[in-house]
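In the two assemblies presented below, chain A is common to both, partnered first by chain B and then by chain C.
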Partner chain A sequence: MHIPDGFLNVATVATTYAVSAGGVGNAVRIANKKLGEKQVPLMGVMAAFIFAAQMLNFPIAGGTSGHLTGAALASILLGPWASVLIMTCVLIAQSLIFQDGGLLALGANILNMGIIASFSSYYVYRLIMSLMGNNKRNMLIGSFAGAWIATVLSASAAAVELAVSGVSPLHLVLPAMAGVHALIGIGEGLITGAVLGAVLAARADLLQLKPI
Partner chain B sequence: MKHSFLDRYSDGDSFMHRLDPRTKFGTALLFILAVALTPPGSWRAFGLYLVIITALLLPARVPILYILKRSLVVMPFVAMLAIFIPFFKGGEVAGSYNVWLWQLTVTYSGIQVLINILLKSWLSILSLIWLTSTTRLPDLLQGLERMRMPRVLVMLMSFMYRYLFILVDEVMRMKQARDSRSFGGRSASGGWQIRTVGNMIGTLFIRSYERGERVYAAMSARGFDGNIRTLNHLSFRLSDALFGMGYSLILIFVGIFSQLY
Partner chain C sequence: MKSKWWLIGLLVCLVLASLAPLASSSPDGLERVAEDKGFIDMAQAAPFQVIADYVFPGIQNETLATILAGLTGTLILFAFVYLLSWVLVYRKRSGRSEA
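After this line comes the complex of A and B, so read on.
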């Protein structure tokens, strides 16, 4: 859920910008070290891929449709720091091109949908893979769980930010956001798993890339 | 294929288009900040901000209808986030309703906060539309780089912008193929639809990844060393200084006015 401008108070804007700047700065440092600047074109195309994949919507019950957010997919395929960079680019572009998510709220949105979503999904996926063993079935379970948790956690973080800004009380907005996104997360999880299954069937070597 | 929804009108020519991207980015951000700091209920200040942003949008020669449509498309999502506010603010009660098990109470201060937030969001969106429909994204990125945005991020965004159109084309072709095979019909099961979209995104990922590898190989064959050189230089002119200073002064003045009254 993209937070628009007008919702967050100045303290929250400043705090989330500081945290996101630190996280993205670290991602930039790590990418510079591990990639050199040579693989920047590849990562840029990957950011365009996430952007384009978000345009593929699928019908959900009741005439509504949903689409992928992609943080979990990017972090499982390419690694959490790469995913932070990619999601940062996607979120900046969404804010500038589609006015989806505000400019002052950008720090909060990068924190929720970039940093929190990437790391939570990546480590949940890794945890499940290492606990249950590395095979196709567990990979699908891991990616489902990772994407679901990422969706719920980033919505919960958004709820906390809204509550801290005094928009609505925490005991109402947190269960509401977490509840709705627990449902949305099922779609995100199923699609993420289906994508990984398709990649595994066609180019399994791409899943063995060294995560960044 | 058609993807004119991506930075349409930014290629036009007007006084606003000719301003330096840094001037426009800085002042657009200042406008959003000024709007965000406006205390709830200062309707006159909101009116002034609307006049200001209209005065900026008109000389940009962007169709009004497009701006309205563009700014209202996002508002349902904004409203969804804000819709609960009137029910949970304390204060003088405007109305009380019994809905099934809940006793819902709407307060005047709650309604005021709701309208306040919706107005702030809308004005901020208008300011962003002014920025992006008068500035080409590559220029804006170049401006952001001069304003100390990390180079890697700027380069990532430039590549993303360059390949976005190709990949969106790809997605639209895939969508057309899918829809012509009666996707989403009533008889289709949910699992089948999920698998279809999964396969499509998986295919898109592999194609994008391979394209990225080819792009990188082609670039390094031509001597790419991590720097992008451009003949398109930004220039900060007198008109930028005058516009930037004038606009900022007006915003600061209205900001102080909104705090006092």
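After this line comes the complex of A and C, so read on.
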């Protein structure tokens, strides 16, 4: 759901850039304080994984495709602020090098797929874990739910930005975006759960690191 | 060997990136909505192109060009985020020793 240039008006571009700049600045400050040596290679691998996985569009119904966003995976493994940093780097590289997502829309894309997706997935996951108990099965349920909600919420945020920009009325674009991404979110949830399960089997200690 | 787990992780990412030519080329969620609601034509092309649309420039074979774009991006993101995180960890250390 990378927004290209041309969709957002000046006010929306300026607002989303300001909010994202604040969020990313805070992410840098918090990572600077809390990031540990052990997390450095994991940060790099996570960014590489999210970039590679985002290239792998899977078909959903009606001649439409979706791909992993990855914010849920990153925020559950590393914490929401670390995830904001990783998503920001991925989105900047996609916009500058691969012409995927506009330069002016970068602030909005970071807000939707970075900040909103990271925090919603992280807290939904935490909520489910604390309500249902900390075990492997609930981890998979929590990561699926977190990833699904994050996908629908970031798509809804994109819809609001499009509507505010006067591109399409909210009562049309919001249900359309949320509806398509409710399907894509199932893929996001399944992949997030599968990768977390694999990490749990191979390196369970990585999930014991303090979230950032 | 256990400390080199991330090398295996990076290798898995590179293998995933090499599968990119198999990805669905259907429009994604936002493109589908933009087509259905009639605002897809508002999209503007980027002012410059580097590895536009994940196709490495100057390579005739499109499969190869896509794989190369995927490998390039995967390595760039690993290197950049590793370096950024390393700097964030290192700067914290030097800050502490000065205090």
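What we mean here is this: the second predicted complex is superposed on the first by the 189 of 212 C-alpha atoms of A that agree within 3 Å, B and C clash if a C-alpha of one lies under 4 Å from a C-alpha of the other, contacts with A are read in each partner's own complex, and residues count from 1 in each chain.
Everything that follows uses one rule, which is that a contact is a pair of C-beta atoms (placed from the backbone, for glycine too) under 8 Å apart; a residue touches a chain by one contact, two chains touch by 3 or more.
Being a predicted model, the structure only gives us computed values, none of them experimental.
> In the overlaid three-chain picture, which partner chain does A:96 touch, first (chain B) or second (chain C), both, or neither?
both
> Report for A:155: first if it touches chain B alone, second if chain C alone, otherwise both or neither.
second
> Counting only touches as set out at the top, which of chain B and chain C does A:77 meet: first, second, both, neither?
First partner only, chain B.
> Give one of first, second, both or neither to describe whether A:10 is in contact with chain B, with chain C, with both, or with none.
Only chain B is touched by A:10; chain C is not.
> Is A:135 in contact with chain B, with chain C, with both, or with neither (first, second, both, neither)?
Neither partner.
> Quick one: classify A:193 as touching chain B (first), chain C (second), both or neither.
In the superposition, A:193 touches chain B alone.
> For A:181, using the defined touch cut-off, is the partner it touches chain B, chain C, both, or neither? Pick first, second, both or neither.
After superposition on chain A, A:181 lies in contact with chain C alone.
> Quick check for you: in the superposed arrangement, does A:26 touch first (chain B), second (chain C), both or neither?
neither
> Taking the two structures together, which residues of chain A meet both chain B and chain C?
Residues 1-7, 28, 31-32, 36-37, 39-49, 51-53, 55-56, 58-59, 85-86, 89-90, 93, 96-100, 102-103, 162, 167-168, 172-173, 176, 202-203 of chain A touch both chain B and chain C.
> For chain C, which residues count as touching chain A in their complex?
5-6, 9-10, 12-14, 16-17, 19-20, 22-30, 32-34, 36-39, 42-47, 49-54, 69-70, 73-82, 84-86, 88-89, 91-92
> What part of chain A is in contact with chain B in the complex they form?
For this pair, the touching residues of chain A are 1-8, 10, 13, 24-25, 28, 31-32, 36-49, 51-53, 55-56, 58-59, 68, 73, 77, 85-86, 88-90, 92-93, 95-100, 102-104, 162, 167-169, 172-173, 176, 187, 190-191, 193-199, 201-203, 206.
> Within the complex, which stretch of chain B touches chain A?
Interface residues on chain B, with respect to chain A: 6-7, 28-29, 32-33, 35-37, 70-71, 74, 77-78, 81-82, 84-85, 88, 113, 116-121, 123-125, 128-129, 131-132, 137, 140, 150, 152-153, 155-164, 166-168, 170-171, 174-175, 184, 193-206, 208-209, 211-213, 215-216, 219-220, 224-226.
> Over in the complex, which chain A residues touch chain C? Could you list them?
1-7, 28, 31-33, 35-37, 39-53, 55-59, 62-67, 85-86, 89-90, 93-94, 96-100, 102-103, 155, 158-159, 162, 167-168, 172-173, 176-177, 180-181, 184, 202-203
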